[in-house]
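So that you can tell them apart, the chains are marked A, B, C, D and E in the order they are listed, and the count of residues begins at 1 in each.
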Amino acid sequence: MLTPLEWEALQLSLKVAGVAVGASLVPGIALAWVLARHTFPGKSLLDGLIHLPLVLPPVVVGYLLLLAFGRQGVIGQWLARFDIGLPFTWQGAALAGGVMAFPLMVRAIRLSLEAVDVRLEAAARTLGATRARVFVTITLPLALPGVLTGMMLSFARALSEFGATMTFASNIPGETRTLPLALYSVIQSPGREAAAARLCLISIAVAMLSLLVSEWLARRSRRRMEGRDV
Amino acid sequence: DSTVHVYAAASLTDAMNDLVKTYEAAHPSVDIVPVYASSSTVARQIANGAPADIYFSANEQWMDWLGKQGVTLTERRDLLKNHLVVIAQKGSQIQSFIPDKDHRLDNYLGRNERVAVGDPDHVPAGIYAKQALTSLDQWQALEPRLARASDVRAAMALVERGEAPLGIVYATDAKASDRVKTLGAFPDGSHPPITYPIAEIGSPDSTTEAFYQWLQGQDAAQVFADYGFGPAKLKQ
Amino acid sequence: MFELDVTRVQGEFTLEVDLRLASRGVTALFGPSGSGKTTLLRLIAGLDRPDRGRIALEGYVLCDTATCRFVPVHRRRLGIVFQEARLFPHYSVRGNLCYGMRDEDPAAVARISGLLGIDHLLTRMPNTLSGGEARRVAIGRALLSSPRLLLLDEPLTGLDGARKQELLEYLAALVRDIDIPVIFVSHDPQELLAVADDLVLLEKGQVLAHGALNEVLARPELMSRLGGFDISAMLAARCHRHDVRRQLSELRLSDGQMLELPTLDIEPGQWLKIQVRARDVAIALEPVSGTSIRNTLKATITACQPLDDMASVTLVMLDAGQQTLRALISTASCEALGLAPGMTVQALIRAVSLARPAAAPALADQEVP
Amino acid sequence: MFELDVTRVQGEFTLEVDLRLASRGVTALFGPSGSGKTTLLRLIAGLDRPDRGRIALEGYVLCDTATCRFVPVHRRRLGIVFQEARLFPHYSVRGNLCYGMRDEDPAAVARISGLLGIDHLLTRMPNTLSGGEARRVAIGRALLSSPRLLLLDEPLTGLDGARKQELLEYLAALVRDIDIPVIFVSHDPQELLAVADDLVLLEKGQVLAHGALNEVLARPELMSRLGGFDISAMLAARCHRHDVRRQLSELRLSDGQMLELPTLDIEPGQWLKIQVRARDVAIALEPVSGTSIRNTLKATITACQPLDDMASVTLVMLDAGQQTLRALISTASCEALGLAPGMTVQALIRAVSLARPAAAPALADQEVP
Amino acid sequence: MLTPLEWEALQLSLKVAGVAVGASLVPGIALAWVLARHTFPGKSLLDGLIHLPLVLPPVVVGYLLLLAFGRQGVIGQWLARFDIGLPFTWQGAALAGGVMAFPLMVRAIRLSLEAVDVRLEAAARTLGATRARVFVTITLPLALPGVLTGMMLSFARALSEFGATMTFASNIPGETRTLPLALYSVIQSPGREAAAARLCLISIAVAMLSLLVSEWLARRSRRRMEGRDV
């Protein structure tokens, strides 16, 4: 059904977006929590920094990533000591996708965390739960819809990431040529509309699936709590 | 007051900006609006009714494609010519060479190092690079070692930043950057001539026609030359 | 000893409390709505910080603004029942009950949930519970967290009479068994009378009175603040014997006078406190007979005082042996009988007014006057 | 007439109710926790839909599963006080109070907030209120929405005695004045006795009893379900005269017998209902004198019955004129006095047991038996 | 301080992003509400459709917009009757920005709407408020943090929109050359890093400002409700 090239791009996309989401989940939750529940000097700065990838054109973000993680970048040189090179690798694509998707994840989770009833957290603490236990057993489960939404949004965003990936990780078939890069290539060639449409549909299908899964999970977690809701 | 919309390939940005400035200074009542994007984007926009008076493409394919979309191309010309060159970072140790059958690019690459090019799948410069490398029997070896960028400038940025020790770009690009040096140009026969066709869209008014003619004139040719473009042989 | 010396300002309201509470038994916190009861509990719990002051339980300082010490909530080991149920909506009832338990103890869960009548709800989710059911789960959750101090903010609202009674008795027994201090907020004098040993009367953030329940209830100037009609006295008495045939228990007061009341479930010889409501005590000049009124105590009038807010009713303070008794009678009767301090009269107390439901525990059996 | 014929299943619980309620006065909904009181209110309010059935108020069908009619919540014009306060956190107290008002009416707001003692809170936000304050705002909000029917789900929990009394009186007056039906859920028999005209007794989703408060309270088989000790009778009496000097009011029962009680604030000639608790009634074989007990009613015993759950106490049913009276005495006394149906005895009722706080309105002055 | 070109781009960006957010606010809230509170056949489809712009590479979205709103597009032909042409105009840029930003707005608002206590809504209805009044007076104010977040996110996203705008509205100076397009043009010329950095900073500043404003508004609305929060 799918051509080998499409397969390759699809698998790569899933890997890249999956790793992007997986790797940014924990820091995403942590940052969302810090931003939702604490005030400290420099909070706005941190908040702004997290939102940067949303604000800048992706190509610029890719370029900035190159500045940081490139061969001559500060972090890049440090990573090179461990023989880790991110540009032109699928890990780099995941980094680009993760960075671009990060603000969406943090925002969604933060919004949900802010909606968690802190009185329940207080009740848990009076029952002897440490802050960490409260977070894991009360806050996080109650913010689950937001976490799922955050994961879904950032998965979708990472899946569709083009500009930053192209700039930072290049468009290497089998390595960094994800679905959007493949799609872009096709679109830029005259007369390949049919191929473009196919790739488009594949992207849509994957995203729809992730959407459905996240909605289903969210609904399930909500249903557990159902009862008298009005 | 009349306005002329020029839809031009992104690689023409610098030269066109310069020309527009010069022309507007001489014709204060005329407003030239240059619109830059990749040739393909521009072509699509024109096909969908963008208010273009002139289309200035970086390759013939998209001009041809536009013609097939039912857009009237008036007075189509091949105006400019460009070359494909190999570049390296300014301070690079690599000595100049002519990239031909004897000077294989992969010999200049270390482990894990890549050659930056515009994506050979869609970026015109990349397509030319692929054709050149193929005809020089280097494509097979180099294909997996390409760093494909979204456009020529991005490819050059990879060289400027030292991400790739070598890059293949247009001579005009190499000339515009002071952070790369040109190692050598691909032999003329190694790829189809890089021509920049230009055409008026629909039936031009007098202002457009005047500017269009001026672009083909001597003053403009000088500016193009300053930016590294050569004149294309007129082909009717 | 539980030391509280705190000040907290919230908006225009200032709580200023300096109390030394017993570290065992139940201390009732009583006062009109908005008097600062919840505010005080929250300070003890560590949910709010005092603007100034010190809280120490048995010498263990929970909070001291002078030394900037503040033990975090979760290390205070308090069992709190909030004014709202605050159940965790994503845990089942069982999950809620077990949340604060250090070790799994299915037996304890079974015992408490049996007592609270929530065994059949264990697998349900909180959002499907009725108001009273939710409240019971909240109580169970606090009890099961093996706290060092229980803070109960109107825990029994929304419960029906029978259940309330059961819980009160359980609480009383619990306090006796595990011997932790309990601070109990309630607006219901009956509840407080049933379990409290001490009473703190709050008004507008200030402590109006504090002391043993008996003593505070005996202060006439507080009467109008203590819920109007249910002025009571507590009599200490020892169970003398049970008359099985007549279904009566005989109690002997410290001065040797006897009281009969419907059978109690305690051992002869045990001491207990019984609540005698002033409105249940009538006065006769001579012993009467031929009525269903079984108890007649000889007592001396120490004061007769019309109520502040209802002059047509007079409160008569009586001494029976070393114990204080009070009677509410109509001012007209007082005049008709010519009652005056120093007179010796008969206090008529109906046996049923002393009756307690079957399972009532002997609240204060360790208290020997 | 307020017709209710509904079934609703939730989980393992089934509510099945078929009732015809009076369209005026207060109907009390009484029953243990989890018996379906809130479920029923929610059906009436339109927050839940019945699985089957019909609800109609004065012929106006609110809901009928047969015809698929369902009037949406906001068009039912009900005033509801939920078990939780449910204040809008983003509106000030005043904003909450005014939310349901059709027209601005500062006077009404001022009156209600004065009554509820929340005038000083009007500019505050709900999150800063104490539990009782929040509840009062919720009551005020419901009252100010000029409802056609009031549904009160344990509205007075968390209020102190004095405030509770005031509100009860206000509710009683309100019902009399604006003449809307009120359904009142409470676990407190005292509250219900103070305001209810009718009583619906729910258990496990079924109606166990329904009828005038008096009548239901008179059914001995329900006694154990009605809160144990506070078995009462309501006597209809007319104010005969006030004895200002002695601070007594004289009431005359329909059979001509007299009752004295501390001064009442009603006009001579008015009828009223007074609650006489069984535990406040003693029995004598002959009239007694020399005691503070002012009232002696001649009555005939119709039944003597030990309580189901406490055999040491006996309930004596008495007829005084056309009215029913009840007395709780110890079974021992019952035997000692040799009481038996048919005997004529003296019911001793203390004046203070009939006293009502100063401002008590004459609850049922329109009810002339 | 700013060059005329920068000014032009900045003003245009603000106009485009402002209009994008303004125009999508009402439909965004409406859709978020429908998705948060209702179930109906085709809900997943609608949900998926809204998320499409997040999933597809922006260039593809721009291309699809061109297909729909272009001269030969269905909607484009219909609009042409009223002499409205969107492609290659700033309104078209706003459309592209709005479409790209729409899923972010809907998601944020939806997340907040789902967190609103429906029991408060029920209480309002018992007080005689119509669904509409409940929505305006209870639901929306309580979901305000989400609405603000949604506006902020979509403003930032519209502000940074490049691919779709470039494709659909073209890069016409003074008409559709917003900050990111100007930045792109500058990047295309080697040696203009300083100019690129300036444009970058301008974008960041604008986005930071919108972030700060939205945070400040959200904090203000929360502070009104403060009290015993634990």
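One rule holds in what follows: a residue touches a chain if its C-beta (ideal position, glycine included) is under 8 Å from a C-beta of that chain, and two chains touch if they have at least 3 such contacts.
Bear in mind the structure is a predicted one, so any value in this text is a computation, not a measurement.
Annotation of subunit A and subunit B: jointly contacted by E, touch as defined at the top. Hopping across touching chains, the smallest step count from subunit B to subunit D is 2.
When chain centres are set by their Cα atoms, the one at the greatest distance from subunit C is B.
The most distant chain from subunit A, with centres taken as the mean of CA atoms, is D.
The busiest chain interface, judged by C-beta pairs in contact, is C-D.
Averaging C-alpha coordinates per chain places the centre of subunit C 26 Å away from that of subunit D. Between the Cα centres of subunit D and subunit E there is a gap of 57 Å.
Subunit E has its Cα centroid 35 Å from the Cα centroid of subunit B.
For subunit C, the set of residues touching two or more other chains reads 47, 84, 128. Each of residues 59, 63, 119, 122, 163, 184, 187, 228-230 in subunit A touches at least two other chains. Multi-chain contact residues of subunit B (touching two or more other chains) are absent.
On subunit A, the positions that touch subunit E within their shared complex are 44, 47-48, 51-52, 54-60, 63, 103-104, 107-108, 111-112, 114-115, 118-119, 121-122, 145-146, 149, 153, 156-157, 159-160, 162-163, 180, 183-184, 187, 196, 200, 203-204, 206-208, 211-212, 215, 229-230. Taken together, the subunit C residues at the contact with subunit A in this complex read 45, 47, 72-80, 82, 84, 86, 88-90, 99-100, 102, 125-129, 141-142, 145.
Those residues of subunit C whose C-beta lies close enough to touch subunit D in the complex are 10-11, 31-34, 37-39, 83-84, 117, 124, 128, 130-133, 136, 153-154, 157-165, 187-189, 227-229, 243, 246-248, 260-263, 279-280, 282-286, 288, 290-294, 309-313, 327-335, 337, 348, 350-353, 355, 357-358. Subunit E meets subunit D in the complex at residues 119-120, 122-131, 134, 137-138, 141-142, 221, 224-229.
Here subunit A touches subunit B in the complex through residues 59, 63, 66-67, 70-72, 85, 87-88, 163, 166-167, 170-172, 184-191, going by the rule given at the top.
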